[in-house]
């Protein structure tokens, strides 16, 4: 079950061009491309004629031509050409998905098109705001998106899974403060006077203990922004004014691919040493290593959940307060949508 | 659902010898071999004792001996030997399939044996008639046989899929004439004054435009013969009398393997330059390339049909007239067979 | 359906150490390890918190620490540590399996723990009794354990499958004597004045015909011991007194892994030339070859059983008397267990 009336990241702005990009989202195949003027387009990746993949055809001007029988469809899904006949049956229509480009990502709306309001696109301005240097990437995880959300809303695991990069003992041992704000969940962890984790040292050269923070925001269906940083212990916890501070936003836009796989669009955007490309490359490598550690965990977890016939639920302890709140919000939204309630939760 | 009371090609005459050949047909495993006198035999490829594959055993004279516990079965499926005991329980009987050899192919009847009339074997005389030089081959496609039938009854796709060999613009743009004749479907496309497609040029050296024809005959459950050819534009469209004509029969005997896979026995038999072996080899390579293009298409199509939960049917346009007629005939035959109607549709 | 109130071999004593060993048994994932004092421990290999595999975590003293969120569990399954909180919810409990070490194998009890009586562990003393030299090994078969039991209770197949090692004509042609003794099945085959099979010749240098015996004992759920041997024809069939005799015990402890796979713990223990290591290595190689021949057979058989929609049962002939008896005993035990009858059949 997916929340359909919702914006999902479908691609990076960079990877979408004048070719046909096929990708599964929420168990539906989509084909995407840019028109000659650069505007993005998304259609169902099944020709309405015999269901062949349009993404295996060709882009002809602003239209897609099916690679099996040559039918052409324009950006509104209307069929404009059927070989060997002049009249075109109106039922030969490809499904069109609302699409938008914002914050260096391409967004699609999987539900009722009339509800697709671009103002509902979640705020990821750190990808393209002045003063921020984003490192962006894309992975797929062989696990349901909710397990990835759980992972990001309970960072306790950093201590056990990511010792080589962002984990330190303080994360596991410091309680979190969790708050629900409408459809959002806010989770805060302040770790005063702790060891800087390895990647913090490499990125910022800390030589003393630090005061570290994590401020997580969950936004349905699966958008998690993490404001993470630190300052030398005892100095001001204000990035704007403290020149020794380290601060980056870890942006996680999760898009369900199939029931047990997830597109993971991520960005780590920093507001220090923005022009240091070498630093950027180092961060990219370390972050990819970190996410691949998560992938191993989540794929194993998915397997063991799938194979469990006991009926026992996942259990929650204190550090799952954020997960539990987010799942409750999502359950409510999915139930409301199934029940026909008005769409378009606030972003 | 398969039409069981029907002849299917199970092997080429060449590949069947004094070894055991195991092959799945209509979701049933068969073991086939030739007796010492050359007569073909087909049994179910499950030993009635413990269901081990007889094809993994040995041929002893005209009998098959199971490779697990040594039981022997003769060509009528009767068990003739059980280790360690003299009396042989009569229920130890292997299922026998009617089998025949005709037109260089081995045929099996998958339904009620008493209905198996060899006169019902479809006409593929171009494989062994004087004056014809067949190139024969075998492929498996990861798609249901009906998708392969669809593909062959609507050759519009040649223009988009097979540009490198048999496709030209004329195919897609020329309407077909479709006619139902009892259980057969006849489809004709005449393309006057068109570019010769690349393989026609290579095979026959056309230097001018041609008058091209395709005459397709569908015969249940999945036999498609295509009379294809061309002559220099304006010359007589009669292969027998026009020395510049090019003409071959494309023979397609499709046999369901499993629900989503098909045995494709094919032959391209020409009535020009019959002794030119180099030409034959060129044709073989080009035809295999062509069919592998189809395979890519059909396997993708199968995947997208299987994953579609929308309930939407495949749509038909003018060029699907032949498909639609063939599917209607097959639906009727399968329904009649399930309802217990007399078997043995005419070949 | 498995018999749960039963001891199963889960590992060799050798392979279990101070690491975490994950293994599926009867469709359940287990993690096993040895405590500092060498005692074996088995827990369910799913953390009760979020179901991650405990076997991917770490052994800390005698406790397992989950590799995802760091929770610790002691050998009784009690959670002793939850990051970031002092009170530990009692429902955070890992399932513990009774475990024992006997006859160089590690045994787990898959059913009701209070019924786990070590006296019920089957007798495999030939693995560690004086005067016996065991060669031990482990394989997995892609087939249900009952097919492997069938295979071992009807050795007729040796003649057809294992001609290169232990098969001779006499096995197939000599009737067996089958007897049920409570929950055990006893099968005896005496082959007087027969060719020695190839492996017997290599192992013992027979130059004349032999008098050969096989005495099989089935013990539920899937323990099969085979007393196999031979003496020069006409000499005394008593291993203890006949210096030319050859005799080994083939021990087969089969443990269901999943519905269609089986852990095969085996041992071939001989009471002649016990110190001849070269002989031991030769036997190991030949036995592994022999069991791999069985694997090929059984995996094919499983496939053909799974794909058969005819509803026809496996048939039994005389040589299946032992199989049939064993299956009947097992059916009764599984039914009784499902019906809540007292557990703990006698070993």
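For clarity, chains are labelled A, B and C in written order, and residue numbers in each chain start from 1.
As a working rule, a residue touches a chain if its C-beta (ideal position, glycine included) is under 8 Å from a C-beta of that chain, and two chains touch if they have at least 3 such contacts.
Every value quoted in this text rests on a predicted model; they were computed, and no experiment measured them.
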item: Graph class of chain-chain contacts, one of line, ring, star, complete, other; value: complete
item: Numbering shared by both copies at the chain C-chain B contact, with half separating same from different; value: different
item: Where chain B and chain C are represented by their mean Cα positions, the distance between them in whole Å; value: 48
item: Residue list for chain B, restricted to those that touch at least two other chains; value: none
item: Chain B residues touching chain C - in the complex, by the definition given at the top; value: 27, 29, 45-46, 48-53, 56-57, 65-70, 82-85, 89, 91-92
item: Of all residues in chain C, those that touch chain B in their complex; value: 150, 154, 156-157, 159-161, 172-176, 297, 300-301, 304-305, 307-309, 312, 314-315, 317-319
